[in-house]
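For reference, chains read A, B, C and D in written order, and residue numbers begin at 1 within each chain.
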């Protein structure tokens, strides 16, 4: 059972989105999410659950937080003799230094092309980390094989493009799901086919592509190349029908946290047979005291809850003392909320200490974000 | 390289008194405290005490125990020279023998111990809940120049007759071992934790093979024989939380202790972590109309009803309108809507359908592992 | 998640015909080819075929087998969902049973298999040397719509009566199984590799539990019964190197094949690696006056004498003036000075002191594991 | 059994030595040595064999080859829940960027001082990677504890200082093995106490030291600080009586390879109970054909030897074809020596292909060094 498909997690993006302070010191891919995960856990788990056993992560910068999180890949079952998990970065880029302005994904792929060349899989799947979903890529691969496409892109059809996914690429499809053109969602119309920036193609074709683009010097990004070549190669589309959120702003980060409190979304994303794996931590069960009052919230383990928590996501080892009220908020690992604190619409990064009686209230669409290691 | 001390954990018991929870699972693998299995405590004690070679002796339904322990990496026991091994009975050229008792189980695994050529062996029981630094006990063993050291704990005088009692001289040396005495002379109960000089213990086993006189059990056979031989045995006084969880009542009690006396057995103490084989599960979800008070809740739970003074293990689901009180719900139990459960222990992966009532009648109610309780059923019997 | 196929390796044999090498070691753990143990081949085959869940069934001296396999990481079998498990007999509520045969061993571990709910089970033998892609055999099994597929290999006609022979129709379906026939109708010998639809195999075991009719052995009991029941059995023709190394002669032969036909069983093929639990050992050293020809030499050896047409396993030392010819020297054997060894197999950790002669008398000489051969001794007996 | 001592492998050195082309692309610490090891394996194994379970490697540059080699630390038994193996580098240096000229070891230690502060060991042992020996540090630690030293330095007394260890620090000792002064071996006299640049002290003292040096801004290197403070603190010396070689030039690299062919040296360094661990590779046993003729050489596994090899060290997966003669040479992993090649006094880096009939002859004291991936 030779493995059919290798995975590439492409962390290089045109104008990498910045959520806000919470990723001042870490890339989006290692941003904490959903109580115990990091953003990248979703794409990695999707790959693993789809039978992909050889994954290269093409990082661009500040990848230390990533390596800390991923370790040997064991927790994703990617610590393997053959294949496994590999993280690449411009550090060991031969070509990169030649021209520092060549900072698109193509040059990062080129710099570590030996990973792609060495693989013995027939296909490759390229995906970003910040498109959060729980998807079975093997179905998309089957579709790709049957369709005779040169490249298959995965997309989601949405009807709120005037509100969400602004700035994302949109696909214009013909009746046979072939992509005619690729545009940009400026938010003018509600219906759109949003590109999930996920590509399936033959491994050999990707290698040829990269060398071709580089030798012509025509593009910095794979997606630009594909846009130009739409008439010359057959680019098809595969529809993802499930939940999708693109984490590219503090608003969308806050929105997905709200979405998770919807049981249907949570069941699809987190409670599916296709489990989301993350770094194993060994915390004791969470303690609720007699004064605890928790409603409609996610709580990770290792917490001690003495106060009230509503519509919120509480990460590991958070202490919520008596009389405190947390509403519509995200509290990351290791925060301490002293007694009688009132928090509405806030995002607390790791290790925040907030002392007795304090009050912080943000707005639903403009939550207050506090960076890590602050004591107030 | 010679090891100073290795540990042998007796995990062989069928645990018939925990019957309903041990149909598929060996006793030390029974769920405890929401996300642990009983044996996690003694394995973590070994790891935290710096012991890197551990044999786990079992002959009863080892599958879940085996896959729980795996390569030992969760307890940091996946070592190049050493590690944790599950040791079952095996056949040699002549015959195959099941373990005939605690001491016999050790005797049958002399090869394993000899492999590491240790100076000391600590014998442990797989079904006790406590935190103990065996390196301190070893220090005591060396200081006393002891050949066999038995850890003891003070129990209430009125309970002493339920235990194996050690009668000691002033210097801590043991002059008598009283198994469940009707008139105890001391309240120092054996914790089932022994450190032996391996050469001495080996000597007894070797002579047993020569003479044909068997020492099957430590408590009944070997310890009395050693006392008779005056080998120099000392009692090591341990202070702290210690529970034998061999019965339904004691297992329930120990779970409740985690809620009501969370300071005595702090599971979050970073200096003495209790490790376990963790599951990849989402965080717990507490619903809009849920109430959770005075409880311990693990990963992957989904609570839509009310929970009070209870332990919810990982993957438990509690439906709308259900009320769980004074109960221990083991991993992956699914509880439907409008269920009432009071003072109960519900075994792993049991399913309790809608409108079931498990009523409090002073005794602890039990639902077996994998049992399916049909809608509207009313359970009143104790265990 | 349901597994498509899991593997069960029968490693239970005491291997009495390999007696001198299996005093402390189960047969599949016997050293082979300088740095491997016999079971490495079938474990590597599983790993290379994409099978990630493997049960290894044994009841005989499992210690070295257990520590060799460890967590399975050397074969890439330390998987989160799946992995490799050594399965020994255990006690259930009623009783403990040793494995009564190949099929009975599988039957006693139905719980393990059911855990993974596989569609197919491949049954393998732990003491065969070969490279085989079981996924190709599975493909054949599916294409033929077979319920039970048995891998067969063509053997020379004059040896066919030593094997279990499959008599097949043109389409590959089996109509008869001839165990060691005096007048073989075919030269297709069973390799002891079976793929079963698990639901069907389970059906036989379940009915056995109901009716009390036992199928202890695949070859003697279950396969004949299946043929009788017309379940649809096919022979899968395998071409390539395959050896049963169950006797001293065949084990020696297979070792020699590595030297003389290194192309037939290429150990360096990067597409089909044979993995093993490697030892941290320094490189081999070949001395000033040494001669090494036509030989296989593993890590940690130190050769000061002459070696020809031989396999030196890891950690072997050959003293000055010694001559080793046509021999297999197993791991950590120490050979002194001016020793002569011809056509012999020397078991693990044996010590051969100075001036010993192990002479060629047509038969293969054997020295047991851990044996110490005193200086000047002359060994002439075969095994 | 709380662990007593943490380990620090200090890869920052004044004017880091350059062996030659073989470490153009890798630091000395990851230079291949002795047939299957890397230089750093010795210090790591020494630490592990002495009971140290928590090791920080303070690298300076090009540490990718190091992380590739070390992985999770599993092969050194340093993949642990508590403690284990950590690699630090200037990449995540907060202080380093303030003043790039501050490139001594002190600033590297400071940048990652949280590792040292977080430890709960009482002592710390600091050692470089390029002092090759097999030593039981636990004896040195016992000596340190008994001696009441503030710092204990490990040294070796040699009588060929006029030929070897030039440029190394030398220790001047009083009758009680206290260090009076520290000098430099200029090669004038044969007898000297060579500093092994290995320090034992209390963990708390090291932390104080680092902060003190940095706040005064007085020194870039720990050793300079110690030299200045010899009168104020008690610096003692512990003698290593075994084999020692400092790998700081192509000559010394070549010399240690020769030394290894001496059985006594090999036994002490490689065949001791204190094993040298290295990255596990799974190669088949080496094949000697009927034309093989090997004398006084180390051969790693995975090789096929058809030619003659004498006084040489052959790494993994090397092929020596018929009629070729290799003498006094070091041939690294994956080289192919075609038929009838003659090689004397050469050092081949990895993946070199040399075609039929070629001849390369260097001098004993000036071996020919060929960098990796060359085909000739």
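Keep in mind that, in the parts below, a residue touches a chain if its C-beta (ideal position, glycine included) is under 8 Å from a C-beta of that chain, and two chains touch if they have at least 3 such contacts.
Here's who's who by UniProt: A, D = Glucose-1-phosphate adenylyltransferase subunit GlgD; B, C = Glucose-1-phosphate adenylyltransferase.
Nothing here was measured: the structure is a model prediction, and the numbers come from that model.
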item: Most distant chain from chain B by Cα centroid; value: D
item: Selected pair, greater C-beta contact count between B-D and C-D; value: C-D
item: Centroid distance [mean C-alpha coordinates] between chain C and chain B, Å; value: 38
item: Chain A-chain C separation of Cα centroids, rounded to whole Å; value: 46
item: Touching two or more other chains - residues of chain B; value: 74, 78, 80, 273, 275, 280
item: Of all residues in chain A, the ones touching two or more other chains; value: 75, 79, 277
item: Sites on chain B touched by chain D in the complex; value: 1, 47, 49-51, 74-76, 78-81, 135, 273, 275
item: Contact set on chain C toward chain B in their complex; value: 14, 23-24, 58-63, 66-67, 70-73, 78, 80, 83, 85, 87-93, 96, 98, 111-112, 115, 280
item: Contacting residues of chain C [partner chain D, same complex]; value: 33-35, 74, 259, 262, 267-268, 273-276, 278, 280, 282-300, 302, 307, 311-313
item: For the chain D and chain B complex, residues of the former touching the latter; value: 1-3, 75, 77, 79-82, 273, 277
item: Footprint of chain C on chain D - complex, ascending; value: 34-36, 75, 263, 266, 270-271, 275-278, 280-302, 309, 313-314, 317
